[in-house]
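Provided herewith is a single structure, encoded as structure tokens, for subsequent inquiry.
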Amino acid sequence: MLGADRRALSQDTAEDVPAAIGRASLAASPQAAHNDRDAMLARGEKTMIRNPIPWPGGARCACAITFDMDADSLIHISRPKDGHDRLYPISMGRYGPTVAVPRILDTYRRLGLKQSFFIPAWCIEQYPDAVDAILAGGHEIGHHGLIHEDPVETRGAAQRAAFETALDIHRRRTGKAPRGYRAPVYNVTQQVIDLLIEHGFSYDSSLMADDIPYRMTTPAGEVWEAPVHWGTDDWPPFAHYAEIDYLMPVRAPSDGLRAFWEEFDAQYEAGGFWVGIWHPFLTGRLARWRQVERWLEETLRTKKVWFAPLEDIIAHVRKLTLEGSYVPRTEQLPYYTGSQTG
Amino acid sequence: MLGADRRALSQDTAEDVPAAIGRASLAASPQAAHNDRDAMLARGEKTMIRNPIPWPGGARCACAITFDMDADSLIHISRPKDGHDRLYPISMGRYGPTVAVPRILDTYRRLGLKQSFFIPAWCIEQYPDAVDAILAGGHEIGHHGLIHEDPVETRGAAQRAAFETALDIHRRRTGKAPRGYRAPVYNVTQQVIDLLIEHGFSYDSSLMADDIPYRMTTPAGEVWEAPVHWGTDDWPPFAHYAEIDYLMPVRAPSDGLRAFWEEFDAQYEAGGFWVGIWHPFLTGRLARWRQVERWLEETLRTKKVWFAPLEDIIAHVRKLTLEGSYVPRTEQLPYYTGSQTG
Amino acid sequence: MLGADRRALSQDTAEDVPAAIGRASLAASPQAAHNDRDAMLARGEKTMIRNPIPWPGGARCACAITFDMDADSLIHISRPKDGHDRLYPISMGRYGPTVAVPRILDTYRRLGLKQSFFIPAWCIEQYPDAVDAILAGGHEIGHHGLIHEDPVETRGAAQRAAFETALDIHRRRTGKAPRGYRAPVYNVTQQVIDLLIEHGFSYDSSLMADDIPYRMTTPAGEVWEAPVHWGTDDWPPFAHYAEIDYLMPVRAPSDGLRAFWEEFDAQYEAGGFWVGIWHPFLTGRLARWRQVERWLEETLRTKKVWFAPLEDIIAHVRKLTLEGSYVPRTEQLPYYTGSQTG
Amino acid sequence: MLGADRRALSQDTAEDVPAAIGRASLAASPQAAHNDRDAMLARGEKTMIRNPIPWPGGARCACAITFDMDADSLIHISRPKDGHDRLYPISMGRYGPTVAVPRILDTYRRLGLKQSFFIPAWCIEQYPDAVDAILAGGHEIGHHGLIHEDPVETRGAAQRAAFETALDIHRRRTGKAPRGYRAPVYNVTQQVIDLLIEHGFSYDSSLMADDIPYRMTTPAGEVWEAPVHWGTDDWPPFAHYAEIDYLMPVRAPSDGLRAFWEEFDAQYEAGGFWVGIWHPFLTGRLARWRQVERWLEETLRTKKVWFAPLEDIIAHVRKLTLEGSYVPRTEQLPYYTGSQTG
């Protein structure tokens, strides 16, 4: 199996799988892969996920490193009056598109990975070189607000305006409409769900109701969720940002990243879905990314993992669902139509 | 002893002990078990607990994993105006009853454990499937407020109304009155103690005045305490919840859980009582629960531990106390009748 | 040397040394001990303390575990209106005098240690059994305010009244005036220094200007400082107390204590002074104290350490200073007579 | 190469290199050193820094421990009304110039290191002995504000006055104008950049836009940046300072320092630039500095590192840039001329 190449893999699956699977992971056919999993389950091997998704190419786990390239948008939105003259947080954010993103893309190129980036539209305009390099690498760029405004605080007409202005910028600068969305500070509202459905988005990636992708339906339609989790978000271990009242005790790279790898180990064992919610100015810093790169090399060498952009992972699950070969969990929205406390 | 089965155990004790004891733990008779402990103490083996409770079946330690299934009640109570439209914290909480609780119950079923859940009445109504599954597994459900309202902020008639409404919901949905109570955010007041006694509760589990169960008496009667402790609460290592001003630096699963296991080691050595105060949406997450499950398997395999619902543990101590074979520590309440600072 | 008993030690030193030194530590005479140190320094062994104090009995390091037995005073002072009805923090604090202090005293008795306790006068009156047990064990009790009021917020006549009322309670309940003082939340003011000198105190233990005891002089006289340090304070690793806005990510016992032991290792190597600033309701908890006890056993068995109450340690340094055999560092107070920022 | 002495090194380089390089690091000539690096890169050894700077003497990495000697300025600036009477934070700060700085200088002297200190002018006047000792050791002293006032809060004429008054004190007390500047709390504004250029400063060290030194240009001129990073700042692991709303969970020395060493390992491997942003009252504490000293000894013994004051490191890069043998990354300032959200 080690000799199989990536070409072979994409022939093995019904849809084109553009991202990398560890070289140890290639099964002879998708059927064989499914049989592997069935066999595993039949042998009674424990899985802690009730409805695991069959992944393409015999992969045991789907993985997406998603980078929210917020750059310095955070300081402008949190300190509207003088954020533009606070050079320290600006420089901390600029490290992302100017130093970290090229480094990350180098790694992805060398390892043959395609992954996802979520970028506020204001950042798309401020940092065109980073955006061009991301697109040139074949990566996905998702919607992440206009200038990282919190949807809970930007409602109604203001939210629609921000959302659609951002969408226009995406279309103009990337040449296509984004398929996925991640809410700034995860703060999706029902209005945002409605906007996603209205604009034909494939998925959101801001919610936490499951370990693996699931479907959300509303009276108006459906949108999928590629769920996130604080256990693989890099703000708790690495962010230290007094200006936005977020002061974590910055961890050693190995200590902070260990949490992410333990989450991966559990997802891998259970046949699940692992997503890193990272930021170039945090996990893209030299000492951290150096350790991530080594982990990627080791994982690709020894494990059967499907690294892919979220849009491909969601497309895969949707396809299985439409075919009837997989039944996803479905969350009915809106959850509530009014206050629960009277 | 390894050959003794669970039947044998329950025959060994005067009351029915429905939960698991590690297979290595079964003594031939309760008398033998007590002799074991006496012998241990007689041999001068150190114990750091002054009045250890003789546990049934020769167990060295009583253990209860208690899950507070708060689901999304927290966001509604903390953000009454728009909590119902904050989908991220709602989804974070929903993970509990929909994904984590089935997983936890699977583990308990496989290992033969009965444990305790504390559930706000609002959650009982919102998540009937989780409640039914918990009851079907033979687990205890305790009172945990109406919608997780803080008793320090909900006093007098409002507290009585919330408490008794919740009690009615428990009776209607579980078919019986709860025997135990845990205060939201641990915030028991003297009024709540009075309500527990008035309504015939067996125990509270919100206070910290000892390592092992103790008795609280008031002029109106008595109620027992199954004491908790921050060292085995999963909020400090795992919760990250800006909306309720609780931002901890989320730990790697092994790092957070290590604290709990060290607490267990100390309780086990001292012949004490170990209680986890956990939440399905935190410790029931995949990577954490996977490690808990392994710890449970190892502990049951190698240690003489009595895992039981709190109501059984308290019933056991009460029985010994009534028999006169154990003298508990007693706290006289109310502690104070007015301000201590003038 | 291992055969020398504690009797021998106290004969070896000019003053009575009531506390334990590790059995490995006894030199034949104080002169020999001083020569040992001189020899060590002469051999060019590194020391990172510029003016190390010669300790009695050939000890390389003086150590004091100091427990601030605050019990539930903190909740009353921080929530004056309803603190008396917040049973959870009351019970968390009560664990100190009722469960932890007896446990700590057991350990001290078994190991032959005398140590220091600082107790707010209100707690002395509330918890007479704990106070009697501490006195019966021969330990020191120092002044720690009336009810843990912060001296920075309680100034002038109010501070004098609180300070002197507390002093009266000490005299009445312990039979003698305290020799030492620790400010609640370390917040010594110049007025408190003046009160200490006025009332003939030997030392304060709230400040951080050095690693080892030093002298503070004012125009009115002098008082010594037994310096503290956040690196050996148990609030950062173990306290979790929302009611007083102090929410630390509670550590595993071994993880929190490791910081203290590393501080000890450095002090031991440098011939310095190690002080734990601990609280019965935190470090006296079962799992933590079990690990402390083991560390004490191991340290006493293998190291030349002088465990003593702070009053003995300060008396020793004062004596050397009066004899002219040691020159302490001196801090001139008051530091400032007015605002430094105009 | 181990036999080469420091003399030889300074002959090897075009400019005088006053600080230490590990003894294992000396190349026969600067040309050889550059060839080494070229060879390394030619052999395809990975480097995660795109434009690494050739360091003198064949060093693989430039290192600067920079100490911000803030002493007790922080409490005066944060509590202007009563800071002068808060003896605990004053004493915590005084530990820096009186105990830690002599210890740090001892280590530097023994190991032959010259490093950088940034000192608020108010501290220069308050602690002349520490300043004299730093100058006597041949170390750099940089500008760090007048009394640690935050430039974001001290703007316009007030900033100019504070900046220039501080400059005068530097000139008068150190005999020369500082070449470098670090903003209190890193908070550089565009006005400060302009003042640095106006007063002929060589570099700032408060910003985070890259891993290695870079150039900043404005319409008025240029100034270099010696970039900092939260991953090597000692406030997150060690500071605990309620009075300035900064309460971190103080780490064990080895745990806090590990983060810094991992950052070093990554910079060393990549041929980069490692800077510690430390404080005498934090990392100069006994147990921490003891571990730092050992790390320094080990690093100097085994690695090819150029330890130097920031002014020398910046002078080196500027020289290479002027010679045309290195092309730095350049940031164009001001970043913005007005609010980005209005």
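Residue numbering begins at 1 within each chain, and the chains themselves are lettered A, B, C and D in the order written.
Just so it is clear, contacts are C-beta pairs under 8 Å (C-beta built on N, C-alpha and C of every residue); 3 or more make two chains touch, one makes a residue touch a chain.
What you see is a predicted model; the values in this text were computed from it and never measured.
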Open item on the list: Apart from chain B, how do the chains cluster through contacts, with nothing moved?
Closed with: one piece
Open item on the list: Regarding the chain B and chain C pair, does the interface count as same (over half of residue numbers shared) or different (under half shared)?
Closed with: different
- [ ] Please report how far chain C has to rotate so that its Cα atoms sit on those of chain D, a copy of the same sequence, as a value between 0 and 180° in steps of 5.
- [x] 90
- [ ] Would you mind pulling out the distance in Å between where the CA atoms of chain B average out and where those of chain C do?
- [x] 37
- [ ] Indicate the whole-number Å distance between the mean C-alpha point of chain A and the mean C-alpha point of chain C.
- [x] 52
Task: Residues of chain A engaged with two or more neighbouring chains - done: 248-249, 251, 255
- [ ] Determine the shape of the graph in which chains are vertices and touching pairs are edges (line, ring, star, complete, other).
- [x] ring
Open item on the list: How do the chains pair up in terms of touching? List each pair.
Closed with: A-B, A-D, B-C, C-D
Task: Residues of chain D that touch chain C when the two form their complex - done: 72, 76-77, 80-88, 90-92, 94-95, 98-99, 102-103, 106, 122, 147, 238, 240, 242, 247-255, 285-291, 293
TODO: Name, in rising order, each residue of chain A that touches chain B in their complex.
DONE: 48-50, 152, 183, 185-190, 193, 206-211, 227, 229-231, 233, 236-237, 246, 248-249, 251, 255, 258-259, 262-263, 265-267, 269-270, 272, 329, 331, 333-341
